[in-house]
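As structure tokens, here come the structures.
Both complexes below contain subunit A, partnered by subunit B and then by subunit C.
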Partner chain A sequence: MSAINKIKSTLENGSSPEEHSKEGRIRSYLRSDFIRSMPFWLPPTLLMGLFVYGGIFWNFVISLTDFSGVVRPEYALSNFDFEMYTRMLGDPSFHAAARNTILLLVVFTLLCLLVGLLLAILVDNLLKWQSILRTVFLLPFALSFVVTGVFWQWMYNPEIGTINTMFNLLGLDALALNWLGNPSLRLGAVMFALIWQYGGYAMIIYLASLRTIPQEHYEAAKVDGAGFFVTYWKVIIPQLSSASVSIAVVIMVFSLKAFAWLYTVFGSNPGPAADILGVMMYRVAFSANQWAYGAAIGSVLFVGTVMIVTPYLYYQYKRGEL
Partner chain B sequence: MEELQEGFTEKYPNIEINDNPVAGGGGTNLQAVIRQKVLEGDPPSTWQDWPGANLQDYVDAGALKDISYIFEGEIEENYGDGALLSARAGDEENPYVAMPLNIHRVNNVFWDIASVEEAGVDMTSIGDPREYVEVLEQLDGELDIAPLGLSMAVPWTILQLWNANLVGLHGVEAYEGFQNGDDVTSEVEEALEVTQTQMGFATEDASSVGSDAARLKLPQGDAVSLMEGDWAAGNLFAAENYEYGDDWGHAPYPGTDGVYTINTDGFPYPKPNPTPDATDKWMEWVGSAEAQRRFCQPKGAIPCRTDVDMSEFSELLQNQADDYQSGTGILTLAHGDGVTPQQGTSLKNAMARFRDQGNVQATAQSLMDAMTL
Partner chain C sequence: MANLTFDEVTKKFRDGNSEIVAVEELSMEINDGEFLVIVGPSGCGKTTSLRMVAGLETITEGDLRIEGRSIKGRSPQERNAAMVFQSYALYPHMSVRENMSFGLKQSTDLSSDEIRKRVDEIGDVLDIPELLDRKPDDLSGGQQQRVALGRAIVRDPDVFLMDEPLSNLDAKLRADMRTELQRLQEELGVTTIYVTHDQTEAMTMSDRIAIMNNGKLQQIGTPMECYYEPNNIFVGGFIGEPSMNFINCSRDAQTLSTDDFDYEISESTAMELESATNIVLGIRPEDVVVVPEPTEPNDIAVEVDVVEPFGKENNLYLIPRDRESNEAVIGTVNGRTRVESGDTVGMRFPEEHIHLFDGNSGVALRHPVAEQEELTPFVG
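Now for the complex of A and B:
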């Protein structure tokens, strides 16, 4: 019998032979941690449940309707179907956006980890300028995507941009390409800009992790005759795995939000070469008024995010950190 | 906008205007807020929007009022045909549901006079888009700067250029056929081929610049010509030491002389309306010659009415107004007047794909498919 039913039955039965012991049980129940902590966890749980999980659920419901334009859909079970999801399968824009989103997730995350790790090792081994360089590398992370979007649009300008001007000065004219114009370079150019922005974040987490490794490990490796590279490869980097996992999760979630960067540079249509699901969702919903289709893309994006975060949560759970 | 509101308040001192600007997104946020309010059955008295087919979703939802009683009589008599079609949300079958205020012409070519003179080209005598391509080739050969200023970072500029090429090559009939969803494959493909060739003459940084930056290529001396809506004249007028007639010229886009591709701004009339009497008066005011004179002159657009005193307008706009009155008005495919939001988004999708992949046949099919949505 559940606790609430017990209370109910107690109230209904009025006085009974067991009255005293039941009253005692209610009293102890009211005094329990569960009830007494309620004012602290219940309101946020309800608010989160309604505004976050309720929103996600409602988004899914909308994706089952055929809501478009400014006519409210009929929310009836008989009207619900997966038409929007089947439409996605035959939509070349969706294929391109999904492909780019996955590429961004995988390649950008891996490169970001690599760049962050190299920077962290570099900064960690510097005797001077450590704090200055740490700030320099971390600074881009503090800028908004809108600022960095405009900034990189100028940097990539093939006529007056810094990048091509630099290549030309160095006599590397062959490398002065049309970075944002050439569709086969566009996504790469976007990733490079994002790595510039997030590499510093990966560095700072790695750096903190490196600092927790006792000096003895380095010394022991040295005594055993390991050089610089072997020390890092065999002894230090394996100890950074938990940092790598948490950085990867954060970076992946950020890559799903590259929307703001792309929207700043290309508006709502970056073309098949750099379109991602986030931008497509916005375009379909807010430019074309195809709400249900937009909601369906949103649901796919949500499932993608859950698929990224779940293994991480499981990993943390196994390690007893959750 | 202030000018418009001031004039209204002078005329109707006892009606208070409650102006609610929605910030951000270049109007996209406003659209989202309006749609939400209309869905909830609580629309504002009116809002500023692109009339024409852009409003079709609202018409389908029965959210706009038939305001024929405001149009009948002197407004209907004095408005040009294209503007009246925009007032009917782009479809003759619809009643009047919005009051268009001003018109931007989309089919224009602008050029830098010193550059074309140096190359020995006469921009006013180009017969059609194919001849324009030959001119671009000639400019490319003669001069060191790019023959065409064009933003390719966004697809609407390419769509706009293609729209002008379609009309320039095959006239208004091809445009109408396309809009009605007829099979005009060969016409659409030819216009795409010309557009593709023209894109090759654009400045090297076309994919990295927005439309504002592309327009400024003329006064900066980085490009010779520009195909743009006449809002571009605003950028050129604002450039220092760059005068219309002396430094830059304007003509209808090659092959589209006698055609006025219309992009209007105006005010839809939602129902149920919170303030029907005041909204009626606002619509009458917006449709009046006085309001259009006050608003259009600083905005750099021509009025929808043909009886507005144009003496204070620039020479360019006076010429445009003459062309509007004598020409055939068609509604632009690249903005809101001639296409529904869904069609417009699909057309731009097709153009973004075209820019990246250059497939003429596939793009023609996608463009025509978009019009059946």
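Now for the complex of A and C:
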């Protein structure tokens, strides 16, 4: 029945104006964009809500229990406490993992930015081989952590590894150390390998950003009397700040996920020298069956990630890029 | 403040295996405090010449001298030249004040107090004191233009170099800035080289114009000289709007013939042409006299093809009758003249106003004679 006929019939039936307007409201509600677009956004929203945000919530709930894999966790309010979180405060292996995670977050990210920036400036100034070098530096980024983990295990092998073989050939035997075996070198060696993998990513973003700076800025600086280093330091690099922020966020999030690399190289126990929260969470939950404690570590990691991403999103929002 | 000498300056670019000559043996002298405009079509080498002075391009051959001192191979800061870029090239992360101070910090030993004072002074001169603490992105195009100028002026350079600085402004603002730039340059008295492709800017602003084409200097002279006594066909056609009419003729003694008409020249004019037979006759639109109908021997019967009204004047596109080609002669008449397209009128080229060029080399053989006499003194 068409809308006009409907109205006609309502009028003929002599229904009260109130009923009429109510029906009209429902009809216009049903026709609104909100309802009509529902089939498109509702299923993914439900799926995301259930499996991602539901999972996060469930993880948090588990962290409030004492679940250790033998009996099913008791989901009762009386049972919930923050014992797992207070336990972290006194746990030296948590301290070591947290310290390494933060070191990785800060030092690895800064070094990655620095290496990426230097590579980008270098490649940008090359007249030849630009595209080849771009690919060469970016290629490691395309490899999975598992592949590069195995690869660096070989590189770092104290007897037959490429690095020590090279040092020995150069007569620098003193530098041929047990890179992954020695706890005081381990985190540094891990960072070096990760920078090798992510420096290229930082370079590509910086390079793209450098390309947007007009040639006239270099020339204006030159006419103003600035040399090569001053030009970059005062004129060019400050214009890369927005690129630096996006690179830093991506690298930081990746450094929280360095789990796969460490797990490939060291298994579930890299020792306190290179342990990070991601690896510890896995070890505690899946090797030691302390599910509640693992879930608590997971929650801490989640909060850490949110704390990194939120300022970035806010920054993007303020710049009107979101 | 300084004079600047181009001494047979040549610039060649490598393009793969071939060589492109951007500027060829450019020689000219720019006097102390002079406003020289280099004008020419795209790719004529004008910007390259400017960039060689700035130190942004090397000089392949020849020499460039400021005050007799060669600047070839010297770094930009040793040249004491300030440049205004077409895109302004303001540093977006610095405030206006920082933009203007940057050059002073890099190329002088002034203390930060002195720099601050100087930037404030120039801010007042340019009428932008309230903009000093803003960022370039918050400024309008015209304001950015002023800041770019300020950045150059504050350096107190020997030479100002301007690369099409007004081309990003809208027409009205451009006209205002033209006047202002001229006033500023006169006040400061700094030798200025100004590059543009706009002949109006060249005519209105300059002390002298240098016209370039294909990397070669075609003519250098005052705007009046370039307008009334162009060295060759290129200069005649480039300077002036609408541009000069050119008509190819073959000459037999005192007769210039085209496919459509014959034009008799006087004996004295014919003497100036010597033995040249392939002649190009040039006449400016405002010198073409349009009469109701041909009456004199040299008058040509034409049809008005298009009328372009400008208010104070009309441009008429005149085509000789009974002719196949569409090559029109443009004639300018008073705006109140009643003419419509399709009208048949007479077209007259007064002999005192015609330019004659050698058809083979393009070199001017004869300039109009009347102009100097017609100039009436403005102040009695």
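By definition in this document, the second predicted complex is superposed on the first by the 287 of 322 C-alpha atoms of A that agree within 3 Å, B and C clash if a C-alpha of one lies under 4 Å from a C-alpha of the other, contacts with A are read in each partner's own complex, and residues count from 1 in each chain.
Everything below uses one rule, namely that a contact is a pair of C-beta atoms (placed from the backbone, for glycine too) under 8 Å apart; a residue touches a chain by one contact, two chains touch by 3 or more.
This one's a predicted model, so the numbers in the text were calculated from it and none came from an experiment.
Novice: Are subunit B and subunit C a fit on subunit A, or do they clash, once the structures share the same frame?
Specialist: Taken together on subunit A, subunit C would fit alongside subunit B, as the superposition shows.
Novice: Considering only touches as defined above, state whether A:G225 meets subunit B (first), subunit C (second), both or neither.
Specialist: second
Novice: In the combined three-chain arrangement, what's the angle at subunit A toward subunit B and subunit C (CA centres, steps of 10°)?
Specialist: 150
Novice: Scan A:G181 for contacts with subunit B and subunit C and give back first, second, both or neither.
Specialist: first
Novice: Applying the touch criterion given at the start, work out whether A:F286 contacts subunit B, subunit C, both or neither, answering first, second, both or neither.
Specialist: A:F286: touches subunit B, not subunit C.
Novice: Who does A:P238 touch here: subunit B (first), subunit C (second), both, or neither?
Specialist: So A:P238 only meets subunit C here.
Novice: Who does A:G55 touch here: subunit B (first), subunit C (second), both, or neither?
Specialist: neither
Novice: Give one of first, second, both or neither to describe whether A:Y156 is in contact with subunit B, with subunit C, with both, or with none.
Specialist: A:Y156: touches subunit B, not subunit C.
Novice: Which one hits more subunit A residues, subunit B or subunit C?
Specialist: Touching more of subunit A: B.
Novice: Touching A:P270, do we find subunit B (first), subunit C (second), both, or neither?
Specialist: A:P270: touches subunit B, not subunit C.
Novice: Quote the smallest CA-to-CA distance from subunit B to subunit C in the superposed model, rounded to whole Å.
Specialist: 48
Novice: On subunit A, which stretch or stretches are contacted by subunit B in one complex as well as by subunit C in the other?
Specialist: In subunit A, nothing is touched by subunit B and also by subunit C.
Novice: Would you pull the subunit C residues touching subunit A in the complex into a rising list?
Specialist: The contact residues of subunit C facing subunit A are 54-56, 76-77, 81-83, 85-89, 91-94, 102-103, 106-107, 151, 155, 161.
Novice: Quick check on the complex: what are the subunit B residues that touch subunit A?
Specialist: Interface residues on subunit B, with respect to subunit A: 28, 31-32, 35, 38-39, 57-58, 60-61, 63, 152-155, 203-209, 222, 341-342, 344-346, 348-349, 352-353, 355-357.
Novice: Looking at the complex, which residues from subunit A come into contact with subunit C?
Specialist: 214, 216-217, 219-226, 230, 234-235, 238-239, 241
Novice: Per the contact definition, I'd like the list of subunit A residues that touch subunit B in the complex.
Specialist: Contact set of subunit A toward subunit B: 68-72, 92-93, 153-154, 156-161, 178-183, 265-267, 269-273, 275, 283-284, 286-290.
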